[in-house]
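These are the structures in question, set out in turn.
Next come two complexes built around chain A: one with chain B, the other with chain C.
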Partner chain A sequence: MSVSRFPVWQWGPLTIRAPARGAVKTAVFGTLGVFLALALSLTLGEAGLSPDRLLQAFRGEAEPYEHWLFWQSRLPRALTALGVGVALGVAGAIFQSLSRNPLGSPDIIGINAGASAGAVLWLLLVPGMSVAWGALIGVVTVLLLLIPGMGRNGQLSRSLVLMGVAINALAIALVQFALTLVQREQAQQMLGYLAGSLSHRDWQQVTLIATTLAVALPWLLLLSRRLGLLALGRDTAISLGVPLRTTQLLALVLATVLALGAVLCAGPVAFVALVAPHLARWNGKQLALLRSGLIGALLLLGADTLTLILPGTQRLPVGVLTAMLGGAYLAWILFAELFRQRTPS
Partner chain B sequence: MISNADLLTEKRPIPVSIKLGLLTVILAFLVLANLLGGTRWLSPALLMQLFEPPGNSHELLVLQARLPRLLIGLLAGMALAVAGTVIQALCRNPLADPGLLGVNAGASASLVTLSLLPVAAEWGLFWQALPGALLASACVYMLSLLQHASGQSQAPVRLILAGAAISAVLGAYVQARVLLNPQLFDGFRYWMAGSLAGLRWTDVHALWPYLIPSAITLWLLSPGLNLLLLDRSTALSLGASLQRHSVLAWLSATLLCAAATAVVGPLAFVGLASGHLARAWLPQSFRLLLPGTALIGAVLVLLADLMARTLLPPRELLTGILIAALGAPFLYFSARSAAGERSAS
Partner chain C sequence: MTPKQPKDCILQGQELHLDYAGKSVIAGLNIHIPRGRLTVILGTNGCGKSSLLKMLSQVLPPSKGRVVLDGKTLAEMGNKERARQLALLVQKPELPEGIEVQELVSRGRYPHQTLWQQWSPVDERAVANALSATGLTGMARHQVASLSGGQQQRVWLALVLAQQSDVLLLDEPTSFLDIRAQLSVMDFCKALRQQGRTLVLVLHDINQALRYADHLLLMREGRILAQGAPEELISEQLLRDAFDLDARIIRDPEAGCPMLIPRVCQYDHAWDRREGPV
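Let's turn to the complex of A and B:
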């Protein structure tokens, strides 16, 4: 691994370290990729705007309808997709690193299912108010249930994941049960929410996800060095002076906040949190929070654009598409990993 | 098995025959309670006329309608429990459960696929669900074989996570189909939640031809399965033909759980919990484990069904949600206590 962390400038207590070459490359390519994806997402689709109209709308010179389309429909939707993708990618990377398991993402250990169950039960019990509160209660409950999974010395990989699987199964059973209690139309509506959708987003969602990211990301970047050390193994991390329990607890809470923000804005979108960290680690084993977030954003925006342009999928929520794509990818890595480990022996 | 501590304190273990007898008595009691209990309790005197023609007695009609439901609960509980125990031995994984490993999701996926095909529209839920359950089970078997070949230390958790991932993918597929075909949803949302309601004699007749041969096969295989409980090299040196045994045993176990799932819908946790309890209570020999788990599984399902029908008298809850509510805390707390033990040591 070539770590080029020089030069270093120092003025008294202040140290500025030039970022590693890899990080610069990631940032440049990431920004380019995000702009490209944003442009594609805004121009493609049935109600897409051609590039010159896009510019007009951006400068505020377009007709009222296109102005509305750009500012109130397409742009918030694309920005929500980007923000939710970042949140999911980063949250997934942290969960996988904490559980030391490439499959330990919020989808599998019950965060998404907890949000779904909370939302559905909320719809049943308090029909008038926004589902978001139910999702919030569901996610917090799951978090409280997961925290005892961290033993005193910070052994959490196995038990955390298993407890998550149990919570997940119970939450799914609750959702299925709730679906049988209501009329067909309401059940359909619930099902649409449960898949995770990006249609009809407005600036409220953009603000919410941006706030979540602004709150959680700086903390996580401060933590990322410790998390990287933790990924080297428990004993190594302890001997290097990492306060295990605090680090893990803080990371768990922050990752849950990110996942929660994503759920509140787009519903439980599946598999982005699982796949993005994998893709981010493609050339190494180190924890790559930002890269994972960028890839998550690109994945979600890309999937959303696909639902706009593929024939016959307009009515499908984006979560169904991400689940299918992610599932295919997952099957591939599972088998690839098993075969790779088989051959040397 | 008698440990040193038992010898020192002269604490004699309860004989196996008494344990099995006790289970049988509990089961018999539950059978009666299931026949008589419900939204309306019937008088025990009616049991005498159970097999007589109903005449004009409304209560006798109710009693006779409860009979197929009882039989299916009994058979499905036994089948799921036995399948769980055998699969746990075959995977050498105390956490394996056909439901958690993707058989349930496979059954749902094939149900939503086949019920829209004109050819398969007349087949009924059972035949539409069976192929997917079998296919998913075959996938999991291949995964676990590969895992043994690669000799991974983390195999138990990996397999469970792979199962959860497969379930999530198939779940997304089901969601997509259901969102695009609302009328499909209404037909099977009760099945999806796991329900014993509305079962008839035709379902009993569909179920038993699969269960009896598989159960007999497993019984005949039990000496070979005992060897599987030893570690692999010992088993090989004792001359067990592991391949043939495992393939046959897996096939029978799959048939058991696939058939049961096709009739009663996804009931997770029965196999997991009853396998666990049986291994804790009974000697490690399949001649005793098989009947023991069958009894425990039947007790669990009948208990859940009785609770489903009697907890909220005017309404009837679904059996699936009660089994999940009983089973999920079981997995959760066993994982949690494992975390506590490891951190204490």
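Let's turn to the complex of A and C:
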């Protein structure tokens, strides 16, 4: 007899399993959602373009100011938000699966804090140059501290979160220390970076995040089957032929690359990487990397659009908004969980 | 006692040493697993049975010594090549959240797949066969977490079956199951053996071991105490040596094989006196 759930697709030497209905549904709704979010992001807000002007700008028939607004401000900003959101969603899903911990995410593991510390120290020591270099050095340092946590037997999951908490504490102490040393204007600049923001993005950021995704995502998709086997436990994965250490190391490095790309484009945006994988698993299904990335993109673009339409003279950095929303969401999950445990079954 | 070595061995451990957290768990152990037979390993908790199974499957590489599978050194084989010939069912596999029976069992096909051959009709058939052999075809779309303990154990057995290896190492496959489920797992193992597969089981129930095993291995503190056919091997003295257990050996009225009946406890606090009966 045959099980018709996963029909086989063949092209020449390549045979793969046809995607399940859920995956097709995700792809369709995801694409629709992304287009809707993009449209909203471009039309809403005080500098938003009405739909007909949007089309004009798209065809290159708009006034010079609106042309500039569309091509050089709103579009790159929205695309950066999407790309960073995908990177954060996927990185969060990988860190959660590697650490077997729902809290495993670049925020908690210390990657964001490492980037912050690197950037702030860089501002302090090399004031003239881009903070991106500092963030890069910070993230690489954190990665080098996390790798020995794998140990000889590949017990990465146990060490990852604990080590991350320690790295987080150290990095935040460094940031605080740097902030006490600098002048007021410089501190303002640092705080602006630390919040994570999407304002004043241009095509440079779009190119950077697109390159990051193009490099890391194909590898991660190839790894995702092995990551699924790791979820059966270390021993079962090895006995099924998964090269444990290589898999963990590759996944760790690639997820860090994604988190790094995100941090370089938008600063340390909080909570998207933590919340997206949870939402992706909401219907109790398997960890799905792409779904988590899609949800991350929608979350970040949505949050950024929200910062554009919220009243007030001073624009809220998107990182502050995601932290507030994400914190509230997490608290809600925990309360719901506690409540469920209290009620007698 | 010099153990008698079986003649046709599919799996051998030679001079195996295992150090764990700076402590020697197993030192210089030699083991021979006969081809096409059902071997059961018995021993007290912590005597190194599980570690031995993990060493035999390269999940826990031995600190010293080597494992030979069908003439090839295990450590020199490729990961997937090894997994195609030897499967291990660990004592407590982790169950991913929300996974369905069929999805879990398909993961057993990993060692047969390549970058190009991600999923083929052969895989499809292997999974279908594994599901029907374990009586799970009707439950293929159920969530594993919603099944009973006995059914879940069948799912894990199906995963190992889908791997289609000749040698199966099962670590306490009957623990935590009710008696009916235990017996069906044992009968299932016997059926696999009749198909010509080699099975190695770690068990705690000595009577089940005596009834089902072709070959018995008794371990104590990281050493092999005795090995051989249950009928010839088992003695009241051996039980005393292996388990500090005072028991009678009688004939199983049902199957005709030896079975043990523990004597009524004559010593007051067994926990204080691991050394043995008064």
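Here is the rule we use: the second predicted complex is superposed on the first by the 320 of 345 C-alpha atoms of A that agree within 3 Å, B and C clash if a C-alpha of one lies under 4 Å from a C-alpha of the other, contacts with A are read in each partner's own complex, and residues count from 1 in each chain.
Everything that follows uses one rule, which is that contacts are C-beta pairs under 8 Å (C-beta built on N, C-alpha and C of every residue); 3 or more make two chains touch, one makes a residue touch a chain.
Small disclaimer: the values here were computed from a predicted structure and weren't measured.
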Could you tell me if A:51 is touching chain B, chain C, both of them or neither one (first, second, both, neither)? neither
After lining up the shared chain so the two structures overlap, which partner does A:334 touch, if you call chain B first and chain C second: first, second, both or neither? first
Comparison of chain B and chain C by chain A residues contacted: B
Quick check for you: in the superposed arrangement, does A:148 touch first (chain B), second (chain C), both or neither? first
Go through the superposed model and pick first if A:187 touches only chain B, second if only chain C, both, or neither. first
Which of the two partners, first being chain B and second being chain C, lies in contact with A:166: first, second, both, or neither? first
Touching partner for A:218 - first (chain B), second (chain C), both, neither: neither
Check: chain A residues flagged as touching chain B and also chain C 153
Residues of chain A touching chain B in the complex: 101, 103-104, 107-108, 145, 148-156, 158-163, 165-170, 172-174, 176-177, 179-180, 184, 187-188, 191-192, 194-195, 270-271, 274, 315-317, 319-320, 323-324, 326-328, 330-331, 334-335, 338-339, 341-342, 345
Mind pulling up the chain C residues that touch chain A in the complex? 54, 57-60, 78-84, 86-88, 90, 92-99, 102-104, 106-108, 110-111, 115-121, 124-125, 127-128, 131-132, 137, 140-141, 143, 163
Complex contact set, residues of chain B against chain A: 95, 99-100, 143, 146-147, 149-152, 154, 157-158, 160-162, 164-166, 168-169, 171-173, 175-176, 178-180, 182, 185-186, 189-190, 192-195, 268-269, 317-318, 320-321, 323-325, 327-332, 335-336, 338-340, 342-344
Enumerate the contact residues on chain A facing chain C in the complex. 1-3, 5-6, 8, 13-17, 153, 222, 225-226, 228-229, 231-233, 235-236, 238-243, 281, 283-287
